[in-house]
Amino acid sequence: MDTPMNSTPEELARRVGEVMFAADTASRSTMGMQLLACEPGRAVMQMVVQPLHLNGHKICHGGFIFTLADSTFAFACNSYNKNAVAAGCSIEFLRPAHEGDVLTCTGVEQTLSGRHGIYDMCVRNQHNDVVAMFRGKSAQIAGTVIP
Amino acid sequence: MDTPMNSTPEELARRVGEVMFAADTASRSTMGMQLLACEPGRAVMQMVVQPLHLNGHKICHGGFIFTLADSTFAFACNSYNKNAVAAGCSIEFLRPAHEGDVLTCTGVEQTLSGRHGIYDMCVRNQHNDVVAMFRGKSAQIAGTVIP
Amino acid sequence: MDTPMNSTPEELARRVGEVMFAADTASRSTMGMQLLACEPGRAVMQMVVQPLHLNGHKICHGGFIFTLADSTFAFACNSYNKNAVAAGCSIEFLRPAHEGDVLTCTGVEQTLSGRHGIYDMCVRNQHNDVVAMFRGKSAQIAGTVIP
Amino acid sequence: MDTPMNSTPEELARRVGEVMFAADTASRSTMGMQLLACEPGRAVMQMVVQPLHLNGHKICHGGFIFTLADSTFAFACNSYNKNAVAAGCSIEFLRPAHEGDVLTCTGVEQTLSGRHGIYDMCVRNQHNDVVAMFRGKSAQIAGTVIP
């Protein structure tokens, strides 16, 4: 079995992603997200808009678009196997998402200095149109994701 | 039957809330929220943290706390029966929420000038501790919620 | 001479404000602000819009409205004589400010839990119209403002 | 004399920048900024931290770092010679700036869809360290910067 001890950063990030995702009921079961990639300082997640995601206007609830971006943020900023938490975030909604739309969120580290990082998440639909942009500030805390 | 025509602002807001909530699958069915009040420029919603809300740290996914606040924002800023949309929002997370916690979100209009408003949502747990603070900027668009 | 040792919280806050303001070239000399009040968890500052504040549209530069709110935030969150720094902030601009307008910013603590606080600043003009709303998150660090 | 009529987008952006900057007392005279580039959807500005910029901690007032980024945002989002205004912005401060530091802010359009755009500004010091990251949302309004 692979252990983090002798892993490359890429292997470690992938394994951190697998362990986190398996335990994440909210993202996996409730929202129906998939984790497409977890790399050092970067993650990609996907979610198909289903009837359960629709609000009273019959579009995807903005909170669930936020949730997709927030999950992607968590995977990207924990990818070094050092526990990190969100210390603030903001989102801009650019266009609505409808039932059947395939939303792909890519999260990329912009800067990491000491314990603090800035990550940008961009949510696009199947036409590559930008649906939302999310910026998160992370703070590393004590502990690791996997032993 | 009551019609908006002869309603007070309080009655109109309550009725707008009922109609919006009935149609809002995401908030009502998927997240399990309750709408406790919808008044002119103000709304109160509640959500009990259940296993479906938990992330990999076994705390409520921050995205779902955002979703609770975002829904409350929608009810508060549509309460005049003029369609309004979110034009940006930010959230600060103050403390985690655990399974069984009862989260109550109160949303209050701070200013409404022309078509643009600012609303502050505050999410508290059953001990009255602040869990998150959310600020939303709304823009009224054409149309009404109920005819 | 008064020492913080035997001061009430109100006296201590006032004195912290005086010492900080005297040393704050940017707010006092460059921008021309006045400190009207510094109380525990609260501060009030004022700035008259002068030609030096005007941008190419001949209205007050939004950055200087931000600066007025950011200074007020600093006085409010340092008022306990425990060093505090801004850990993130957001601003919404509601209406422009013109030459001669008297801008008054009131900053009030919304929550303080452990080392982290949320403060809301509201900038109004001489007609009591809201010009901007600013929200800041503070973190207390080691040290005191005055010995 | 060059007229916008027969200009390339690059020439038009440069000329819009010159006209806006000449009229911008706040950025040019009060803050001492320089406009290094104004291109379609992009701008670069610079400011040397001087004694007039220092707050009570003897570091550059965060409001003036915001002001540098906000000005850069204005040049970038007006560079098509269509009037645009800020519709919200957020900033994250990463490290302090001291007297003598040379701050360079680069602003780049991330997305422009219809009348709404998102622009990211990054402020770096002379060591290329990130001092602050600013995100702005713009809305185009009626009119042009130059006739």
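The letters A, B, C and D name the chains in turn, as written, and every chain counts its residues from 1.
By definition in this document, a contact is a pair of C-beta atoms (placed from the backbone, for glycine too) under 8 Å apart; a residue touches a chain by one contact, two chains touch by 3 or more.
Just so it is clear, the structure is predicted and the values come from calculations on it, not from any experiment.
Which chain has its C-alpha centroid farthest away from the centroid of subunit A?
Comparing chain centres, C lies farthest from subunit A.
Could you work out how far the Cα centre of subunit A sits from that of subunit B, in whole Å?
24
Rounded to a whole Å, what is the gap between the Cα centroids of subunit A and subunit C?
About 35 Å, centre to centre.
Indicate the residues of subunit A shared as contacts by at least two other chains.
Where subunit A meets two or more other chains at a single residue, that happens at 88, 90, 92, 137.
Hey, how would you classify the chain contact layout here, line, ring, star, complete or other?
Per interface graph, the chains form a complete graph.
Can you list the residues on subunit C that touch subunit B in the complex?
88, 90, 92, 94-95, 110-111, 113, 116, 118, 120, 122, 129-130, 133, 135, 137
Tell me, which parts of subunit C touch subunit D in their complex?
19-27, 29-30, 51-56, 58, 60-64, 66-71, 74, 86, 88-93
Give the list of subunit A residues in touch with subunit C in this complex.
Checking each residue of subunit A against subunit C gives 87-88, 90, 137.
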